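Labels run A, B, C and D following the written order; every chain starts at residue 1.
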């Protein structure tokens, strides 16, 4: 397998897909997580279980859904349950190994804001809000975050705690009685980050091909920590990039309105 | 329609069936209530909705079920839901107009014991217990009780409050915050009883054909009150008795083990 | 007992100014036709309840019908923000609706509790989440067995719920299938329930454990083929994803929004929905 | 991930002395074959959880396997009392199991809460009922919105649950249909779940909203045709009502009970169940 040309977005999606295995049960969000999960399913993790919050369990869509409730998800699912059951038996019941979250704002401890920019009661920008995120963040075994880097997104201090990551860091989750692991992986368009075992601050462990430490720091609102042994993310293989692009092409055709 | 010969048991079942209408949604127990509800459905109340606690909603069995979960109930139901849903959405949700209860022991206020004879922790007879009864008694719009009269069944004081009727009488239900009407009808093999509007003590309002006041008192453990204008229950019509006997004959054939 | 009415009559008889109303459908089966009829009839001061407000509430908010919003995700799924909702919240145009914001888990549990006749829902939720600080309707109970503190939210009990479904039989029993979302809970939690369906059939002829709402749980049924568009009806027509993408442009500007509403809602009828899904109907 | 095992191995690997175990099935799909295998393997000190103990627990109680019973209706439905349970409770033969008694509503909610990962279930229940006075596991919470006092019971979280179902596909996804009872909740509430099925098929080919348990929620699957007898499997064979009536006579006497258990359980095998339902199979 030879390395292929790729965009930073593609690298982000493919790096996320590599973190998944056939034994995972994933709570999938729309966008990069959905693409990553389906690339994993179509390459190295054929038996991965994908769950969308619309109630579709064990789904295997041929094209990426635009919403979390496209008919394709139901057509290909092992079963489709009601939304209350999804959140009670499957999410809160502790059945999900990995939950994916995106972020409008993200801090170094994996706390996420998708609710408002500015004051909650008088926002400068009203974002969509949390949806499933507040409980995904605490009920899934662990959380993977995908986010494109920018100083607007990776910030020193988020405006609103839509979902809890590691709070102030350290044992903050345990202090709140939360027993799940929280954010264990942050995959951006530039790098792979993992939380420090003690402080829980996200630390860059791998730079994507061609990316420098400066690129990462320039697009991050806090002073970035880098691991001592910094790795380079393997470039996408031809299979990975081909699978992703085929998926996106099928998706674009399907969503264009025929 | 001419009156037919009948047994006291048949009179009890038919009198109960007459209290039902097509607009009722009944939570049906096994035995006389099941027979009464299905006779009503097959005669004057074709659109009555019958619900068994096994989850079968809008069922129309051709033979009476031996258990509340016979396959016949599911085969003929509008839909069959899970047991948690049955008790949450349908019973607790206030969707049932009439709940039927039977009794091993019954007092004059419609309180029922089907749990133990003797002390709870050291019973002389361990009965089956309440099943759905504790919540049927308080969640249904009103309660109809069927019970064959005997001094062992109609007692001054029940050994255990399996389900709450009118408690000590009067406004006892309201004092417990219960907003449903509770027992509004008691149909025995000898008479029809209704609660006094104020004291809530069951009062005989109608004697079945051929039954005397003495018959009722001899088979009741408390001093019976009779309504001032005591009526006679109309004898079963040929249609009623024929429908009941056909139903029982089909049922006996089906349960005999072929 | 369900009565069969025209959509105009079903809306007129069951929705009133000031009502708490849910138009539900989780991506699938969103009752757009019923919402458009409500817009045409010009109701005011509504408390709009919906997990995922999306286009249908963006339109009602933009038309100034909302006094309050109760929701858990106010986005155009997969597309972006809701621009009419933003304009209302950020700029007070055309008015400033009150907001009660929850998580999906809490809203789903709150509908479930409403259907179950309970005053509250209990969940392990909102831990470390900022909503618990800004929404006074997020409280807690202590488990009397373990001492664990659990989140509590009030149950949802709308005055009236509107849902769309595949079909009804002639008696009025309604079948919902596919992504059933919280259709059943929205109906059972409400005082009155109005259902639009694709068609009336002699026999629902479905699986014994399918999601069927008995006729006596429904107030009124109106037949509106295509009534979910641009959402979809599983087995009838696909989601019109292009229309969701297009909405982002329409709603971006007050004038283009107003013009679109005039042409496509105020001067349209329920019958127009059938034409809108013509190309999206799949071979059954 | 579900593994396919013989019934003997599935029971041996998943049930242990002292376990809290649920053999569930609400009239329909009662896992008699699994219970008989547990009897043959001679487990002791079990906490037996079951809404409707009926024959299957009458037999286990009579064989002295029960340390404690958690239940809501201990009768032979439509027939009468459970005579082995009575003998144990009234006379201590063969031992005196502890009793934790609930209502159906509370047990159903407790399984539901177990499946939902909660420590408690909340219901409007037990009002004026005597069980609240004799069962210390019936407590209450106060609704923080309305002040209403509601009943609380601990969730049910068995060490292992056994259920019977119609069929599994080759991957191990299991279909339950008909009276689904609390089959799904019993499986999802338990640490381990063992399912007996009538058959293995290539494709479950059922309705999209049917009750399907994904393979990764199940520990072991054993194929036991007829495994619910004298209960039934919807679509496969009818309930053997005559056997339920007959049980009343068998269980009435310790000797006749012991003789019956020897002949029909201790000296029998899972394969015998297929013969027992031969006459009850309906034309599919």
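Just so we're on the same page, a contact is a pair of C-beta atoms (placed from the backbone, for glycine too) under 8 Å apart; a residue touches a chain by one contact, two chains touch by 3 or more.
Treat the numbers as computed from the prediction; the structure is a model and nothing was measured.
Contact with both chain B and chain D is made by C. More C-beta pairs touch across one of A-C and A-D than the other; that pair is A-C. Relative to chain A, the chain whose mean Cα position lies farthest away is B. Chain A and chain C have CA centres that are 28 Å apart.
Between the Cα centres of chain B and chain C there is a gap of 40 Å. For this pair, chain A with chain B, the centres built from the Cα atoms lie 57 Å apart.
In chain D, the positions touching at least two other chains are 112, 117-118, 123-124, 148, 178, 180, 184-185, 208-211, 234.
Along chain A, residues 74, 80-81, 88, 92, 139 each make contact with two or more other chains. Inter-chain contacts occur between A-C, A-D, B-C, B-D, C-D. Across the complex, chain A meets chain D through its residues 23, 25, 49, 57-58, 74-75, 77-81, 88-89, 92-95, 139. Those residues of chain C that touch chain D in the shared complex are 117-120, 122-124, 137, 139-146, 148, 150, 152, 154, 177-178, 180, 206-211, 234. Residue ranges on chain D touching chain A, taken from their complex, read 1, 112, 115-118, 173, 184-185, 188, 208-212, 214, 216-217.
On the side of chain B, the complex with chain D involves touching residues 30-31, 53-56, 65-71, 73-74, 80-84, 86-88, 91-92, 115, 120-121, 123-135, 137-139, 160-164, 167, 172-173, 176-178, 254-258. Considering their complex, residues 26-28, 51-52, 71-75, 77-79, 81-82, 85-86, 89-90, 101, 103-105, 108-109, 111-112, 123-131, 134, 148-149, 178-182, 184-185, 211, 232, 234, 238-245, 279 of chain D touch chain B.
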